[in-house]
């Protein structure tokens, strides 16, 4: 296509859905890549997509069942049936404003066959809200923790459980949160074992990694 | 003295002890300033003092009862009796390595007449250690929280109590702790109400501020 | 509510009003949280609220006496009578452009029962403007100092008084003020004793902390 | 112990060895904590330990079989038999200078029962060195990738496999590597799916997380 | 002209086209400089030009054959015939979103007489896409590599070839890409020999430098 | 006025015009301060003023001869005659895009009675443009040098003359110019003697300082 | 000399002493450059010189009257008589620890014929110490202000006087002073007119610039 | 060898000497790698080598003709005859303190067969020193420019010539030079065409790249 080198082996090799990261691409380019990917019959996920891109896709009338996940800003095309995981991946957020990132993690994990459970607005300044979910967290194979501002939630969750915790710093905050740097540093410096970190606001990467881990666990090698 | 402009009104005006911040001053300068301050019969505190400065001070044979607080790296001269506060200021640390900063806060608050209580090594990665002290924290008029690495302890303590919390980020940590920047940002971005922050490793400032607050409270206006 | 975990114990436990921090929340979410909080009969404060959120709240016709503090961008619902403090908390600003942050601190302290006094545009480049207020400042139990650009005002005020000073750096400034970082660093490095710092532009946090301190002082333990 | 709050539930709760992070602690403190932990019969790991701390430990004559892993700067006490994993965790480094961090990851994973395989000096500037290990990497359940300087190895490995990759930026490099910031940012921005990141030089955290993941996989839930 | 000091010797002295960097200049200023440069009969390139500037230029009816390269945001006036190079300069991009920068490099190199070949969307997370172009890259005299996010492509290309590689970090990315800083640092820290770096998004500078090098090679001294 | 503390002694004490820095002030506030200052019959300068503020000022019909300097975004009210300096202050810019900052410096110096001479677009990449002005520069009492991007012009000018050079970094540039940080650092690190620096884009401060210096020189003490 | 290109025209052209900046040069190189400069009979100043360099210079027995200014770490050779200025340049420091930088400014200004007056330890946290010097400051033609930590002294002095103020940030401070960055930013953002800034700890540059300004004033053009 | 994966194809594939970057490697590791590389009869260069490593190498008595370039901190083993280039690569430095980096560039270029010419101490604050070399610079095929502090030399040289300029920022400087960041940013933002940049202090990379370019030019394709 000139502007894009589509990688059809990727879905087989890595067990990933076909994914388009939309920022920096024109609507025209996105539609062409989307079409190219969809033709093989695979499931397709377009992340960080503005709603007008979705509208343009629908207008092509080429994609049945394509849908727009508004909170996540994701376009989803399910053409192949997705088999659900047995266990549930908790997606825990510190505040209501972290929801769009949680939604991106959720839609990503789900298109990879994972069941998820959103535990929302349980930041560390009111610990009892989080502690009420302790059992659910300790049952998980892997947990996604999403927090902006001081980002302390990942450490606290990490201290409660014995599974890996994927921490997503968000750009929520003002002043010295520096667009998520504060939360990022907090999470990188976590004293709790088993906490690893992805890029600021990168719900997608957290969703993929959590799914990769849980798949390995459920399909024991 | 040429190199220093000693401010004798300060003890009266601000109710502070005479204080010398040692870094960047020669031993000779410190001894001259110390002598000048001590002559008025006031209590004197020299912070961030190397032990050899203390030895040189002792050798002058001018100061009875001068002592060196090794953990705090502080030289203390008590010439005036200090009246003790009724309430106790908890000084809470996330880890063992934060102790020198806690010691500086402690010696500072004590020379200002405050009783203190050290609660050590109760970082957020093992919440139950902290939660065992909840009652003690909720009884306080003001609390000092000291933490390096991710610095999340201030937010968690702040969420448990209704008094002001003075947060001290420390330079303890490696890599992306950036000499205390990570903890500093965490504390500045705290979602918990009532948390204010002092400079990295500034146990002295936390001790002074906590003492100023508690004095005002005990000597109701 | 799914997207928010409202904490009704907080008002009792911490003596705080119910507070909603609006950025990152949709208008719909804010209204739902606001309604949920208001139902218990408590006072509610929504900070950083755009005027159109207020208009939407009014249109619900559910909240009598709700008002919009434009300078502070705060929505205030007073349902319970607030008892006024005896003493006054001075809120001092370096420049006219710092007023929105001062307004946020003011509305916050007031909903917590504090009387406040605004001392405006007394930056250090014209010291006589500040020195005229010395007596008023020395009478206070706690002072809020708000400054952008070089943020030097906190140190100068801190040197004049013997009470705690809560310093709020603001994002006012250009070039190397870096959105408030210059003022933040100035305040963190203050040589004056008793100065603690909150996040850039965080008038709310300054207002809460000043109120917590003054309450403790007036209601002597 | 005053200076430390040992958490004996942790080994049970989180399935972790007893761990002491040495920097900032005095030799005396380390020995006391080590003794306290060892008394319960558990395995103990002390990380970032200078060799003289080990010598002091040995001199106490209390710990049979304690050993010093020089490359990793780790003290290891194996009192309980460790059961070995079936699968092997590859630990891949970009350069020879990254070996100390790899050694820390290795000793950590091993005390948690994991078998490991070191693949050393396979940085991206000579791709054929890495590509020779492709099969081994694709067989793994989880991979640790360690790189300083530009840190690009994590992305390249991530693109070759379908398992989670734990990326460890190291402080190896000069000039604009900024003590590992360059590698850290590279890894956080990785385009390859499944890559998560730990703190600069934090081989310990990578080892723990990889072990937690592989345990979950081998002990299918 | 008062606001600009046009340098007509430059084209002769340095063998460069006349170039106008548009940001910060008013449309009126650009047109005057453009006219001044065009009068001498030389080729003119205006970079980072908004389309409305081009429209205003066309409306002057003074410039035949002036054209707008939309992807590159460049205005090109070819008045002198440009002689083509024998060899081709590969311009390699990591992703589709890097295309505007590639386009700027391309139009710049071409107005300096260089033939170019765009190799697009061959980022390191799918190595086989790049490796298919190995022969073409090894035949080149100089290569331009353009990448945002983690910017690792320059190192990988640099390791495959023995010619100089000019690396252009782009501002493509989110969160901790920090507007291109991550890619910039990656490229500056490249372990591959022969990699030099230009400013973030500076396709123009890469195009000029590649052209200067290839000219020297083709016109052997 | 509540929101502003106007300092009428300033014009006498410091020999400055009355100045209003507009950002962060409402139009209403600016008009009130402007009126208050103008009433005393002094000259008034409002910097960084949007054109609509000027329009609003004009509509009040209170200020004869008020004018808007568009390039400088300054409102100027000359009510008192300004006596001109004998010597001329050169204002040297590296590029055309630095003109707005030069214009601010110019209008500021002029309202303080200084004659100025703009030397524009003489950046170091084409030295002969600058060297043509050497004589003029060597005749000056003080020089203002304004440059963005790499900001090297201040060092080169500083090396040519024996008078003080006031360097103004500008935010002109892209990528790693970081909004003027690159130029700021260049200027702070200048090897040329006599170069001092003001804030990024602060033409006002450069104008004032140059005027203060030249006044002192012409009115020999 | 191969390693250095000595510029003998400089003393005439710029009216500067011969100056050697020592860091990064070997003792051997410094002695050769020093000898080369001294041969012409001019005065020579070597800054940031370790005492052992001075000892080595003395051992050559080539330089009569060479002396070492210990506080300033400067080597001074006065061969030509220096004519003293009529007016005095105040050098004001915030703290005792800023003295080495003040000493460098002083020795530099003096070798350029300026009389200086040190006003030491008058930081803004105790304003009355500074205000006692107001008259002396208001009589000056130019003032040097030296401060570390929060660096607020420059703004306060700048607000008291109508002459130019040269601000020198120092690296004195801990934690978030970041080696002088805090003071540098404070000074760059100063609201007081007439304040310009030199590099962190650059007493030399402040001394030169103050001397250049005062010379121009005393030798009215 | 376990700790290193030696790449013997590299010398053939990329026309590079065998190179060992020493930092982070133990002396024992360096000797083993050195021996392994030397056995094939190739030339070997070890950069950033402490002198004691060289002494240890000599003691093995395995390497005839191995020599230590002290200024460059490089160990050189020439076993194969190196054919000299016809043209000369100028290596230009701003100051004497930049010489170690220049020496590294020189030894690197020379082992790759390039003749070099050192032009030293010609920083921009004394332009006439540089301008005296104009002809020599304009004759070059490629130039290396090395500068610390403000790093402006690269732009000035770039403006004088029509060949590519490789700019090396050095860590020479104090305060706001931030270990070379100031010079790095200056060079990245250079307005002069044809300037590309390598890492701070990376004389090696500059030497390699200049050699690669000049080889291509002399062996016209």
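For clarity, chains are labelled A, B, C, D, E, F, G and H in written order, and residue numbers in each chain start from 1.
We adopt the following convention: contacts are C-beta pairs under 8 Å (C-beta built on N, C-alpha and C of every residue); 3 or more make two chains touch, one makes a residue touch a chain.
Just so it is clear, the structure is predicted and the values come from calculations on it, not from any experiment.
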Seminar exercise, completed: Per the touch definition, the chains contacting both chain A and chain D are B, E
For this session: Name the chain whose C-alpha centroid is most distant from the C-alpha centroid of chain H.
Result: C
Exercise. Taking each chain's centre as the mean of its CA atoms, which one is farthest from the centre of chain A?
Worked result: G
Exercise. Per the centroid of Cα atoms for each chain, what is the distance between chain D and chain E, given in Å?
Worked result: 43
For this session: With chain centres taken as the means of their Cα atoms, state the distance from chain A to chain G in Å.
Result: 57
Problem set entry | Averaged-CA centre spacing for the pair chain E and chain C, given as whole angstrom | 50
Seminar exercise, completed: Residue numbers in chain E touching two or more further chains are 95, 126, 175-177, 181, 184, 188-189, 193, 199-200
Problem set entry | Which pairs of chains touch, using the document's own definition | A-B, A-C, A-D, A-E, B-C, B-D, B-G, C-F, C-G, D-E, D-H, E-F, E-H, F-G, F-H, G-H
Exercise. Inside the complex, what are the residues of chain E that reach chain F?
Worked result: 2-5, 7, 9-10, 23-25, 29, 33, 48, 169, 171, 179-181, 184, 199-202
Problem set entry | In the complex, chain H residues that touch chain G | 95-99, 118, 120-122, 126, 128-129, 148, 172, 174-177
For this session: Quick one: which bits of chain C touch chain G in the complex? Just the residue numbers, please.
Result: 94-95, 123-127, 149-152, 155-156, 158-160, 173, 175-178, 181-183, 185-193
Exercise. Which residues of chain D touch chain A in the complex?
Worked result: 13-16, 19, 87, 141-142, 161-164, 166, 184, 188-189, 193-200, 205, 208-209, 212-213, 216-218, 220-221
